[in-house]
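For clarity, chains are labelled A, B, C, D, E and F in written order, and residue numbers in each chain start from 1.
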């Protein structure tokens, strides 16, 4: 279970609104490579992992991603605070506003509601860890792209923190994959799946 | 942010496997009225709430639902532990197994991946609280239906706990809605939306 | 069954085109809180309702929502009548136009095709009526938001009518919920579901 | 707008329950070729049609499909009336029951919620009428398949009526397509789209 | 199986970038009436066809559509080559860029990922061929609409080629449908489905 | 473009039908880790790759996956050939049959239509190649699971071939990733994305 602490993992204090930027950053809340998907993926993959160390990594990283999703919602909220309808229309944010006013709804930048079709829980340690490595890279690229589109130093400061965390996660998952692989019989690498013990 | 505590909000210690039951209970992980949707809904609605007490309720309940989602994954995991392929086929769980082995993937009982289309974040306190009341009722019914389908006393014990929590949440959201309504100018109730301050 | 009457429930006579506004109003045809979802929800919920009065309300309101969906399609059609490609591009409506020309396709403002994942039919009177209250509130907010974004008095006149109908529906569903609750054994309120008579 | 008449277009009086059959027939409510999609398609296509006769056909057929959707819901309701949990489990209907009890939810037989991605509104008379011909054929096949799977004479009687209506619709749409084609300049058949008058 | 030839079916040599146009043309890659759906539809329908000539047509046309999908990806790639972030933002392409950089991702113009819900494989020759006729018409209209929105002669040259191929396909499928119909017992036309031999 | 060769990459000659097995194997046509997704992913990722060798690998593997999708459709077709309605019902295949008769429709085992939400095209070589490694592992696990569920030696022979190809692809993508990484400035590894040349 989780205990809520009333602080963000990294502070979000934005001086300016910017609905155009919010409309893009929202993909890291509800988009294909965003934090909601990441948290959901890791916190479920751990149930079919067998190695205790890897279960610990998935729990850690998954719990951290919950805090990242919170940060993204905070960014969106601050970037859209008190906007007038004219500001909303000028930014092309009217299509989002009509359905969500200034709430933070988990969708991609293109407006597609988050779907678990974006994530994999394969129940196989090697496949799941490869999935995790890919997820962290794709999130890193999304943050790269946000940095390419953003001029706001307050926003960029937070984004760079989040981006660096993805890189750290990638390294942790890389170690986890090597650790799991070492524990398998390499010749029969692909025939032996330690999370599924009852083979025919 | 959230700090992980290594215990379930309520213990899950199942003595028997039961893949048929797991295939139904999974809807409370990734189905239309499940815990993943509930947590996501509440933890995002709070950003556009204006009343501090209601923000607190949404944060509390949302954080608790994260722990409920964890419990559902634990139930599914224990109900499917070490199943043989024959047991999986006999239970009709082969359609899930082929894509997820014995992992816990957030989908509905009918196999549809979780989608945020199930949840609403309207950015309006009255609408969002009505949404929350409906969500808690629908979750309560899902637990009612699980109890109708389940013979397992270990499972039922956990389900009754989760069901009772939904009822408690319903009551908390009912108080929150009355509290928010009292703060509005009743005559202009529907014209005044305190979460959106910049009216034209 | 339904007999078609060749008139709109409330007249739609728009003097001006406005593709930007059409791109937003379309959410009340095929978006999460729109009329197509409302009609579908109510006209299906009535089959598992037990109280004759409530069945009548659901049939009435559902049939009226069919007429509202028709009005929204009429609004979109009139707002986009005879637009030139340049007008379409200038309004950002090219992304819709390429797939639907000037037809009225049931999608949200963000372009997502309508999905029944937006609506609930729980088969439980208390849950379904809570769902209906939430639906009417969310629709009311969508109309609020359209009014915030719209400058066209012809459009606003129709929108205000539709908005007022949502408020009236909310009141009818509130009475229906109280009526259903009165008919239940309050102590066993949540244990007794009159739409499901064959308990184990 | 539509006026509700309190009778089904064709009577549905089923003597026996049959949840397995209901689980299959539900595709004609919320599946890819079902009545909800048909009604939605025709009642929206008519806005971008230019020929008055074709608008009339689409309105007629669309209104009739609303009544067909109602009949399918009635069939599902009667086939699942008063089932016990054991009957529900034995029929494999538990996966539907957990989320909808004995309500009628618009999904396909495989449990996927209805989506407007199943239907086309192209805003072009020739394309839309071809779409309609295909839709009627696909619905006819679905009814063929229900008849192959069903032993119940009460059900089959209704299904044969619905099937025959699809064939009649197919013929009406065929006439409409010929009528529209005759009105086009055949040499420039594909260059001239009468529903879009403002060409560049 | 398919052997790759390192040339496009028709050359794509675009002199200018145009992200706005790319954002619209992408619907012919991953949109409701696009080439990916077409290829997938035809290459699967052929398995339940019984007439050898029709199987051949479906295989031919399906294989050609694979090459068309390739051409659309090439168009998008060339229209977005080396764009700067400012160009991307000015064109409103930032919502796509954040998730896909300058890759070619199969989605519609409105940003919805391709779904097989757009296509039909009914397993019935008459229904499937009607579906194919509709598909070709809808694709033709999409190309019409692209031509209405595009000023680029290099792009239009390729689009006109693709459009003409859709018309040719429409004619081939029309012949196939007549051929299949001739082979059926016309009186029992709808009762006899030659792709399903084991009737009850 | 592709030239069709009238032979499967590996022969599929099944002596027996088995609808239960077909209902599971179909996930390798239209499921989250299936061949349709694989082909679509690789054949689109190659447009934003910069290294010629990697473009060649993606084209090769993507073209091969087209042939694999064909083989899966062939397997499903042969496993369901000439089934009677009773056989279809006994196997629980009635839910698929009602909408697709004995056609091969690209969906997952649980009946969800294929969606491109399953695949990633990130437009970044490192991210895309990590995605590809994960995809091949997940496909390998799906084949593992099919082998666990299948008793049919004819089927298993084909599945083992397909599985081995996934392992080979995994190795090719591993080499490609090392090759791409070597070409990057390792210190600035994550700051330099060679597929996006116009950085701010």
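Everything that follows uses one rule, which is that a residue touches a chain if its C-beta (ideal position, glycine included) is under 8 Å from a C-beta of that chain, and two chains touch if they have at least 3 such contacts.
Note that the coordinates shown come from a computational prediction; the quantities given were computed from them, not determined experimentally.
Contacts with chain A and chain C are shared by B, E.
Contact with chain C and chain E alike is made by A, D. Put simply, the C-alpha centre of chain D and that of chain E have 25 angstrom between them. Remark: chain B and chain D have CA centroids separated by 33 Å (rounded to whole angstrom).
For the pair chain E and chain F, the distance between C-alpha centroids works out to 20 Å. Shown for chain D are the residues that touch two or more other chains, namely 32-33, 85, 92, 99, 101, 107, 110-113, 115, 117, 122-124, 141, 148, 193, 196, 199-200. Here the chains touching each other pair up as A-B, A-C, A-E, A-F, B-C, B-D, B-F, C-D, C-E, D-E, D-F, E-F.
Against chain D, the residues of chain B that register as touching in their complex are 20, 23-25, 27, 31-33, 92, 108-112, 141-142, 145-146, 148-149. Chain contact summary for the complex, chain B toward chain A: residues 1-5, 7-9, 29-30, 36, 40, 43-45, 47-48, 59-60, 63, 66-67, 69-70, 73-74, 76-77, 82-86, 99-107, 113-117, 119, 121-124, 128, 193, 195-198, 200.
Residue ranges on chain D touching chain B, taken from their complex, read 85, 88-89, 92, 94-99, 101, 107, 110-113.
Against chain E, in their complex, chain D makes its touches with residues 32-33, 112, 115, 117-118, 120, 122-124, 126-127, 130-131, 133-134, 137-138, 140-141, 144, 148, 163, 167, 190, 193, 196, 199-200.
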